[in-house]
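I'd like to ask you about the structure that follows.
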Amino acid sequence: MKAMLLKRVLQLVTVVWGVGTLTFILMRSLPGDMAYRIAASRYGQDNVNSEAAALVRQELNLDQGAFAAYWHWLLDLLQFNLGHSLVSGLPVIDAIQHMLGHSLLLALAGLLVSILIAVPVGLFCAWRGNPLDSIFMGLSSMIRAMPVFVLGVLFILLFALHWNWFPVAGFGTPAHLVLPALTLALSLAAVSNRVVRDSAKHTFQAAFYQFSKVKGLSAWQTFRRHGVRNIAVPVVAFFGIQLVSMIEGIVMIESLFSWPGIGHGLAHAIFARDIPVIQGAALVMGVLFVALNTLVDMLCLWIDPRGVREA
Amino acid sequence: MKFTMTGSQWVGLGVLLSLLIFAVLGMMFSPFSISQQDLNAVLDSPSAVHWLGTDHFGRSMLTRMAHAVGLSFALGVLCVVTSSLLGTALGVWAVWGGKKVDHILGVMVNILLALPGLVVVLLFAAIVPGSFWILYLAISLVQWVEYFRVVRAITQNVIHSPARQSSQMMGFGHWYQFKRHIWPAIVPSVFTLAAFGGANAILTMASLGFVYVGIQPPLAELGLMTVELFPFYSDAPWLLAQPLVVIALMVFGFHLLAGKRV
Amino acid sequence: MSVLLKLTNVAVFVGDTCLLEPISLELKQGQPLTILGQTGSGKSLLAQAIMGLLPDTLSFQGDIEVFGKALTLEQRQALWGRDLVMLPQEPWHALDPLMKGINQVAEVYQHVQGKSQNDAQASAQQDLLDVGLADSAHKRPGQLSGGMAQRLAISAATAGGAHVILADEPTKGLDVSRRDGIVRLLQSRSIEGSLLTITHDVAIARQLGGSLLVMKQGRLVEQGDALDVLTNPQNHYTRELIAAEPKSWPDVSVALANKTTETVLVAENLAIERGGRTLFENVSFSINKGEVVGVVGDSGCGKSSLGDALLGLLPVSAGLVTRSNHTAKPYQWLKLYQDPPSAFTSSVSLGTLLKDLVDLHNIAQERIVPLMTRLNLPESILQRTCLDVSGGELQRFAILRALLLDPVFLFADEPTSRLDPITAKDVTNLLVELARETGCAVLMVSHDPDLVRKTCDTVITL
Amino acid sequence: MIVMPSLKRIISGVLVIGALSGTAAFAQPTQSNTLSISAAFEFTSLDPSKNGFVYSRMQVLETLLDVDDSGLLMPALAERWEVSEDAKSWSFHLREGVRFHDGASMDADSVVNSLSLAQAKHGALRNAPIESIQALDRNMVVIHLSRPYTLLGAVLANYANGILSPAAYGKDGEVLALSATGPYQLYQFAPPHKLVVEKFDGYWGKKASIPYASYLTGHRTESRVLQARSGQVDIVFGLDPASLPSLKRLPSLDLYSNAIPRTIVLKVNSGHPFLKEVSARQALSLAINRQGIANGILRTPNAEAEQLMPASLSNWHLDGMSVRRGAQEVSAEDLLASLGWKKNAKGQLERDGKRFELTLITYADRPELTTVATAIQAQWQAIGITTKVEVTNSSAIPMGHQDGSLEVALIARNYGFIADPLGVMLSDFGSNGGGDWGAMNWNNAELSQLLLSLEHTSDPKQYREIAQRSAQLIYNERPMIPVTFYVQQTSVNKRVKGFRFDPFERSFFLNEMEFVKP
């Protein structure tokens, strides 16, 4: 456990440095003059001109060399200072807090709903087998074959326009959360219900599962005592793997539903060349990613104390 | 090594091949170009002239779909080839090249893994917007990691297997050991990853098109076409349906071809 | 003496193919019944059929009476744990990998016997104490040795009160020294009922006594009182099985006088560590040309590691290995593996593998055919891959490949432990014979003291 | 005399109770008491010089002068104003009783403070020839100029020069709170997506009826259309023209199409070897099927533009400039052929071994630009010109202008950014061969002269004459090629009454709107 945490901390440090440096290099190699980009975002399309760009350049000291800028950034980072947004002038940390809150809300809601869908469906499929299994198999494959935005678009057409049950886009009320979370949840559940099903089927067929019944335990007792935990091991590990698709899904869903989360914010910051925000957002994503993976590891270890999951 | 495919894999291959044939024939024989507009015939339903109808510029949907499918395939195949070669080579090297190599590659992979793939691709796509080659580079860069991890894990097992040890003791060289032991062990996984990789590359390109960072007009790209045709979903639903169905079919085909889930 | 279990013409099919031909038997109170036969003889199917555990793909015919009543599948399943229980082949697989040992016993007391949680824990603790597992009660199956796991499984299986016990290969994979304990434990647990054991091990059949059925490829070939059958086998197959026991092998070790004195390898004060644990220390010996040296010891004692260390595949933590033969090329120091299929790649045919070797070392083609004949390897084997040939053939093919390189030293790591007894005997004898002929030194590692004693010139016990 | 105070007390008592009950009823913005607006543009800062357009439209921010629908100056925070004989000093008489949202009353000092700070920031005021801004007394502000500058009034009406309470600024002039004077005050500020305003009861003019209004940034056009469809948002600005037919069928919506002084134009690099001849630019212009674009793509018939300014900016609009006329005289192909361009085997134009290839850049902020660019690309293809379309960020245009890399750009130019188009004309054509958003490498001494003279022309008739001549010059030389006039598409939910569109996009007129009683 200790070794694992230490390893994770080390990973975190490399990730912070690596992600920061990578985004820095990428942003520096973006075509076009940063001052113009920032001016466009600050003053709006009607009011951006070379005069505005010159002002921005002067104010933000954009003429300093790449190396100096990198050095400044590293020093600031060591003091946990993410800097100020070039566009709004607000502290990056505030902007990210605001975005992260929304993203986490969406992610948690999506994950929760996906679990609520995937676990019963997966267990049911493993338990009852065909034709139910084949039906859900087909359904899952269909949903998996659709990009997440298509799923979102279909939901909007159906739930927001046809039936007018939920708002199309925006945020602020619980009703706004429903469609984005459902979109995320379904795209996640389409894969995870199969993992639950496979794991359950594997467990149901395992020698120890049979042996438990041979020992005299009822089917329900066997499931409760030997099923749940053993099924959970690969499923929880899989949720760790699914974090990636979750975050990717969130980027698309946030854009589609105008959800002011970190993915959306990152995409916008990229267009605006708001380097501090990009670095901050990428860093937070990286850190979050490592942290969540650690959490999953610990959860796995708690469920299955036999060994540490491979990173 | 004999490669046997299951029924559903054949179906997947069939779906993909039909789409590919559609793309090739469409690109070769269509009398229209992808940008040829006819503002007098916009949003036409399928007819004898325009088999799949026309879009909001009066462009032939058949031609555009064929090009879009071709583009998606090109990207998918290129990404798969590049990332699988790179990932496999580095994965084997990480095991064989000693602790130092393994460690350095491990750090690289950890950094790349700490950012979700789509975000990395977004960052890259922002550098040269609308460039096919940047998309290809970025997607390949993201995807090789997956091959690397799997190949490294399998190779590690193979390296310690009695079979490889025995070959080494009998005096066989590295190339032989790779050819006879490592490659046959990794090829099924690499194949599965490749099929999923193809699907993911196509999905990524469509997703970028959807957030306007991908391929730019007038090139036909499935994600972009989805956005372009979305406003007409009630006037001309058959138009919007085309890119959506084709994306789903391509991804579905690749998933079937993969044969099993990751 | 009541009949606890009566089978009448029980047969098992897959589709139209008969896997287990009709068989009838009776299991009586206090009289154990043993079914003896090689792997693949359909004996496990019989146990599954009795329990009602046959996979859905298999069909079943005949009548099964338990306690004098013909019972349906569901009725038999209702008896599980309380009256009827089956011990699994692989205890590691039959135990929940995530649950502590004691809980796997206690849950039976709690849920089957209806005891309170505390009482159940206490009873389980007592059970484990009885089988010598008190110290390991809170370990998980992965932390237990094979013997311990089997004892735990037996405790868990019998906690529900069942006295009719079906045991399917209860000693598979166990060291000889652990085997007897398990058999005695089974006997004691079935004292109020009866025990039906399925095994390929003649020694267990002898130890259990009672009545004996000998099966070959799904067919009953001989039955009767165990001692009668084993001392005076009527059937050819039974005789072969008995003769394949290492105990009954002819002694092929060579007297000291016949040995050459040309040393191939010397080991001085060897010590090996693995995972921070010292496996052995101060082991010294030398191996001469043509000599067969046996190494015995329980699993985990480091006997395989010793061989690997001699070949330089593992580092030694102390001591020195000196190769006295300086003319031999590196590829003439070779190893035979325990599990033949794992030592070959299945990606190409055996013929290709052989050709690879011949091309690499410029081996004369004409040597191959006589050697293959000698090893009793048919030509057709070369077209197949390692997955399509039997273990015995594959191990002989491994010997063929090794011998073509004119080895000076061969480390045979339990080369026959995964083979059927009859095949094992053949392969071992061939190996020893050929080694002597070619003057190759052999280090033979085995968990079976009898096998080593009968075949090796010198024995090292770890 | 005795009655007055008590009456006053009663009235104020009633007002307080009314206000209290009002606040109690509207304590929280809900769907029923909030007018929701969705538009494409996001905001990141409270500073009027940066995002003032949002606060001006949401009627939080006000300026000294206002502009009416035809572009004429009107009193706003300044009740009246006078220009001196030499046209070098402007005096503004401030309205009395104006209160900021923070409770302070507006006086000359606060106005001077705001204007001085605005002058230091990016904006039109910075370039005005201002010598001093002074408070003459509590209610009078005087601005002294170094030379006559007729534009000053229009510049002061620009959102960047909104008047804020002195307490709103930090010590470096940064804006900390948006305490302005409009009928609405800031309630919630969640950049860059959401802004909620609450009605301000201390407003000097017509008080608002709707308690709250929210502004949502809807980045995706599709989403905005859907928000309109579903009734989730009351007013949606900047609808995708493609969605209009289906929206028109909805009974719950009113659609407004309003011409605004914005034009889709091609900014042409007149220094480019292929484009330096006037006839080459004319050919490019002739090859564009403006009617097709207006009808087929933008779905706004009659929006085709042969000249930069729409009819609403009458001084600058050339009358009788029929679209057809140019097309019938000569064909684009002939013009190009006369310049030595010949079609090769593939149908592409070639001259001296070089193919006629252009890179057209445009930006994604306005969705119609991309579609129009696609149409132009195809139409130029038809005459043998290969065009590469690059969709980038709007900043690429001034940047491309400055570094000279720009070839052709498709832009949406707002000629009403400062209520008098002269401001934009000066920066686009005034000097140095053009401006960031105007002509490029195109020097016309006569035009520069004309435009400069307008800066101190106050006689309307003379002004019009010069403006007309300038417009004709630009039309003849085509340093900018107009494509279509802009028509803003807006949907308004039927639950809202009193919607009015401001062609200068300065205000949403929220205080004039009401909810229809259900």
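All chains are identified by letter, namely A, B, C and D, in their written order; residue positions are counted from 1 within each chain.
In this section, contacts are C-beta pairs under 8 Å (C-beta built on N, C-alpha and C of every residue); 3 or more make two chains touch, one makes a residue touch a chain.
Predicted model, so just to flag it, every value in this text is computed and none were measured.
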Tell me which of A-D and B-D has more C-beta pairs in contact.
-> A-D
Which one of the chains is farthest from chain A, going by Cα centres?
-> C
Taking every chain's C-alpha mean, which one sits closest to the mean of all protein C-alpha atoms?
-> A
For chain A paired with chain D, centre-to-centre distance based on mean C-alpha positions, whole Å = 39
Taking each chain's mean CA coordinate, chain B and chain D are separated, in whole Å, by 44
Hey, how far is the Cα centre of chain A from the one of chain C, in Å?
-> 50
Averaged-CA centre spacing for the pair chain D and chain C, given as whole angstrom | 87
Could you say which residues in chain D touch two or more other chains, in rising order?
-> 392
Can you tell me which residues of chain B touch two or more of the remaining chains?
-> 230
In chain C, the residues touching two or more other chains are none
Interchain pairs in contact, sorted by label | A-B, A-C, A-D, B-C, B-D
In the complex, go through chain A and note every residue touching chain C.
-> 206-208, 210-218, 221, 225-226, 229-230, 233, 303-306
Of chain A, residues touching chain D in the complex = 32-33, 36-37, 39-53, 55, 85, 87-90, 98, 156, 160-161, 164, 167-172, 255-258, 260, 264, 268, 271
Footprint of chain A on chain C - complex, ascending = 51, 53, 77, 80-82, 85-86, 88, 90, 93-99, 107-108, 111-112, 140, 142, 153, 156-157, 159-160, 162
Would you tell me which residues of chain C are touching chain B in their complex?
-> 311, 313, 329-331, 333-335, 337, 339, 342-348, 353, 356-357, 360-361, 401, 405
Chain B contact footprint on chain D (complex, rising order) | 221-222, 225, 240, 242-243, 245-246, 289, 292-293, 295-297, 364, 370-371, 373-375, 377-379, 381, 389-392
